[in-house]
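Next come two complexes, and both contain subunit A; in the first it sits with subunit B, in the second with subunit C.
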Partner chain A sequence: MYRPVRNAPRISALITAIGVSFLLENLGLVLFTGRPKAFIRPELLSGVHTFGNVRVLDLHIWTAILTLLIFLSLYVVIYRTNTGRSMRCIAYDMETTKLMGVDVDRIIAVTFAVGSAVAAAGGIMWAMRYPQINPLMGILPGLKAFVAAVLGGIGNVGGAMVGGLLLGLLEILLVAARPDMAGYRDAIAFGILIFILLFRPTGLMGDRLPD
Partner chain B sequence: MELRNNRKMNRRDRLLSLTTTAVFLFLLFLADRFGSDYETRILINCAIFIGLAVSYNLINGVTGQFSLAPNAFAAIGAYTSALLTMTPLEKELSFIVKPLIWPLSVIHAPFIISLLIAGLVTAFMAFLMGFPVFRVRGDYLAIVTLGFGEVVRVVANNAQSITNGPLGLKGIVNYTDMAWSWGFAVITVFLIYRLVQSSYGLALKAIRYDETASEAVGVDTFRHKMLAFTVSAFFGGVGGGILAHFITTISPNLFTFFLTFNLLIIIVIGGLGSTTGAVIAAFMVTLGGELLRVVEEPLFIGGLHIPGIPGMRMVIFSLILILVMIFARHGIMGSQEFSWRWAIEKVESFRRPKGGDA
Partner chain C sequence: MKAKNIFLALAGLAVAAALVVFILPKKEADIVEIGVFLPMTGGVASYGQMGWAGIKTANKLEPTVLGKKVELILVDEKSDKIEAANAVSRLIKKEKVVALIGTSTSGNTMAGAAIAEEAKVPVVSPTATDPRVTQNRKYIFRVCFIDPFQGVVAAKYAYENLKARKAALLMDQAQDYCVDLANFFKQEFISLGGVITASTFCQSGDQDFTAQLSSIAATKPDILYMPNYYTEDALVCKQAAELGLKIPILSADGAHAPELISIGGNAVEGFTFTGHFAKDGATTELAKKYIQAYEATYKTEASGFDALGADAYFVLIDAIRRAKSLEGPKIRDALASTKDFPGVSGVMSIGEDGNARKGMVLLQVKNGKFTYLTTINP
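Here is the complex of A and B:
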């Protein structure tokens, strides 16, 4: 889908991406209507454990385990395989990578596939957490994911993980500390983003400036 | 080169421009007098979108900084001007959950002043936002500004003692008519066109083509980007105020990413960086949006019943955006502007007999 615009200015690719995401969302609205649908949580994951005062769903435990597994496999793919090395090369210098005999188109396609699959896994876990879905549910998590990546440092898998964890913790802590401010929880992510951009544009663990 | 053209712009061109504008405004006057209510509303909508699109194009197209925050600017402008023109009594009636905070609850200003203040407040917000935003470039700038738009909506939904939260503001006086909306459009187009043609505009275009290189030749890129951002925000804010007094009811949901998306389609179809293109495309998209209503309404063709599909228009619009990006990246005008010399040459080349190498 993005191949025709890859060699165009970056802005064209970005506009196309916005167009595609809008197309998918609105197609979703047309096909499934805007009414939220229930997402049935499998029985298997609905068990509840109680540790002292804390109640934990099986689902939460599995989400944490699954996230860790995904993180580890991503790490292996990116830092321990040839494909992963090619990905990092393309990020660094696409022209030279091409000259070294790497099939850039294939690698970018694989990257998109892997990224989308991981995002889909995240979406499924999200849907099980709040057992309902609608076509526009992805916008805010998508934006926050970007903030988490910048917080951790762009191009750094571990950083993204830490960034996501921090962002989630800060959001929940704010809601717990000031329940009257709960409405603002979605704005926190961007408050953090502004703060980072002003004082540490490379993120907590990154060494490259987002460009 | 364009600068030299501008200097050379002789009396003929100026006269032609003035005449065309006058004829156009006269036609609008006729439409206002004799057109139906529906038609005038569409024309007013066109004017508002022309103003918003042209000011959005200044930062996105001319300067090449991919901002996705025009909905935030329109929202700030709309709320500011609406809060200023509503009478204290109306405000007291509207704010049922939490009363409006003090200075805003008693202020009452005429429309024009509320618009100017709306523009200034929006420009100031953009100025503050510019510091973190211009730390990054390209895709990152797009997402940061997108986040800014989201924050403005979240705040509008939650700061109930200022914005009345999700209930929104009702009973805004319907000041916006043909004269106000087209006045806004014409003034915005004129001022932004002049800015683009000035030496500032040259620097802005240089930033679009190569930011690093323009910095190397001594363009203060941060200052110029900030200039484009705040000017764009000023007109975006005024446009938001005009919009608020046209619709007369505003709520945070009016200013979602859909608004940005509409403006983005307009400036992409018109050609990023072309003010002329933005004006033409604003017309096309606004009118096209009305015509496309057909696909969302049930149809009867020869006894055959085709049910309308709500939401189909946005699907079509996103498809158009993708197709334009893949097959006609330069839009209608590329980054060119309309000029009389170009038009006259075109007309003359038409007149010339065919077979010549014109």
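Here is the complex of A and C:
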């Protein structure tokens, strides 16, 4: 799908991605209807632990552990393997990478596979936390993930994770501290996006300008 | 090559033009077209799909009026205010319908109301309960009760039956219905002698309510009143159970969808709400006929949103019959003089203000089912 736009400007690739996501979401609406469906959470993960005033679900602990594991393996794949090195090279300069004898098509396919797998893991963990699914459930989390990635610095795996944590903490603390301001939660997230793009376009941890 | 492409394009245009000329203007004289705008997708898709099923069932039971066949034209308003306004203007300007049925939620009905009002096309909403929906409008009607009644009943139930003295509120601030209804509850609860310990807000589509619930739990209320829509309701109940917040939760007609139970599971046991219709509380002859037809087709139990969809249809058809005309102003006058109409959800009268006067039911989730508690008449 992306092959024709691979050599086009980045903006065309981005717009293509948005177009495809709309196509898939609306196809989902046609196939599965817009009514939310329940998502079964395994009994194994439903336990609750109480530490003083704090209640923690087994699910929360497992989500954190799993996220950390996924993060570590992603880090290893990107920074410690040949495939990962090729990915980073392609992001830097596709033409030169081709000249070095790297099978660009294969690497790009692998990148997409890894990305989709990580997104699927995220989606499953999200659905277990908020046990209902519908075809449009990914829109807002997707946008927030984008904000988190920009906040941390595009092209930086650790940055994206730190950005996500920061954004999540900011949102939840705002709602907890000022319940009457809860409606501004999303506004804050996207306000941060604008702010970062204006004053620190490389993100908190980014070192080079994304183009 | 180029010439061939141009020829093909011209041929395509010619075919399209032929279609427009020969097919579109073919409007038969013996058909009455009624526009339906409902949320078939989006956050409250269940309301729209249940409502549509109810309207279709009603149409099957009463397929003709004034000797003409009734044809329904459905447009999806996607649970979105802007789409609702677009749907209304499309149905009126393009499809030229004689009257409209829609929509499930108050905010979206209001979004379409101005257009219908200007075009003098009557609208009958099945379940828009916010009082502002029909205020200062001549062509907007509804077959449901209004929220001040709902808020008062819930507050009395909380204060008298549950002996609650401290209540917390959680409302969806993107919905006029939720905020207004929470305020009606608040006024009544305070005038009865109760206190509101916390007023918290969420937003349609939110999935995480732990922050709001934690701040509610800190104020130690006796009950939580949250007149929101079913998706939010189910998730709030689940998260309240996970946080160990064990107080009765009260809600309103927006909770009445099977998803509340399929998503909420054990967490919604004991969940009580004010609603439009309960199968076991049905009394009229029409209700019996309707329940039979609905359950034969859809293999699920008839409930609030489909019954009200059917009522909107029956009331509108009754008005057209009494008006003996398909003109907007005449149908409007007939609607405004609906008296003691025996609908599916009970006997109702509609006045010049566009509001229905009728009873309300109290429902509770017991053993994974909606159970009828009682009927309250105004």
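Just a few scattered comments:
Here is the rule we use: the second predicted complex is superposed on the first by the 205 of 211 C-alpha atoms of A that agree within 3 Å, B and C clash if a C-alpha of one lies under 4 Å from a C-alpha of the other, contacts with A are read in each partner's own complex, and residues count from 1 in each chain.
In this section, a residue touches a chain if its C-beta (ideal position, glycine included) is under 8 Å from a C-beta of that chain, and two chains touch if they have at least 3 such contacts.
What you see is a predicted model; the values in this text were computed from it and never measured.
Residue contacts after overlaying the shared chain place A:158 against neither subunit B nor subunit C.
Residue contacts after overlaying the shared chain place A:19 against subunit B, while subunit C stays out of touching range. Once the two complexes are laid over each other on the shared chain, residue contacts for A:29 go to subunit B and to subunit C alike. Touch criterion met: A:179 reaches subunit C, while subunit B stays clear of it.
After overlaying the two complexes on the shared chain, residue contacts for A:47 are found with neither subunit B nor subunit C. In the superposition on chain A, contact of A:132 is made with subunit C only, not with subunit B.
Of the two partner chains, neither subunit B nor subunit C is touched by A:115. Number of subunit A residues touched is higher for B, counting subunit B against subunit C. In the superposition on chain A, contact is made by A:143 with subunit B only, not with subunit C. In the superposition on chain A, A:187 makes contact with subunit B only, not with subunit C.
Within subunit A, the residues touching subunit B in one complex and subunit C in the other are 29, 34, 140, 183, 186. Note for the complex: subunit A touches subunit B at residues 4-5, 8, 10-12, 14-16, 18-20, 22-23, 26-27, 29-30, 34, 139-140, 143, 146-147, 150, 154, 183-184, 186-187, 189-191, 193-194, 197-198, 201, 210-211. The part of subunit A that touches subunit C in the complex is made up of residues 29, 33-38, 48, 50, 55, 57, 129-132, 134, 136, 140, 172-173, 175-176, 179-180, 182-183, 185-186.
Those residues of subunit C whose C-beta lies close enough to touch subunit A in the complex are 39-42, 45-46, 49, 79, 173-174, 198-203, 205, 207-208, 210-212, 214-215, 231, 234-235, 238, 242-244, 259, 262-263, 265. Of all the residues in subunit B, the ones that touch subunit A in their complex are 64, 66, 131-133, 135-140, 142-144, 146-148, 150-151, 154-155, 157-158, 257, 261, 264, 268, 272, 309-312, 314-315, 317-319, 321-322, 325-326, 329.
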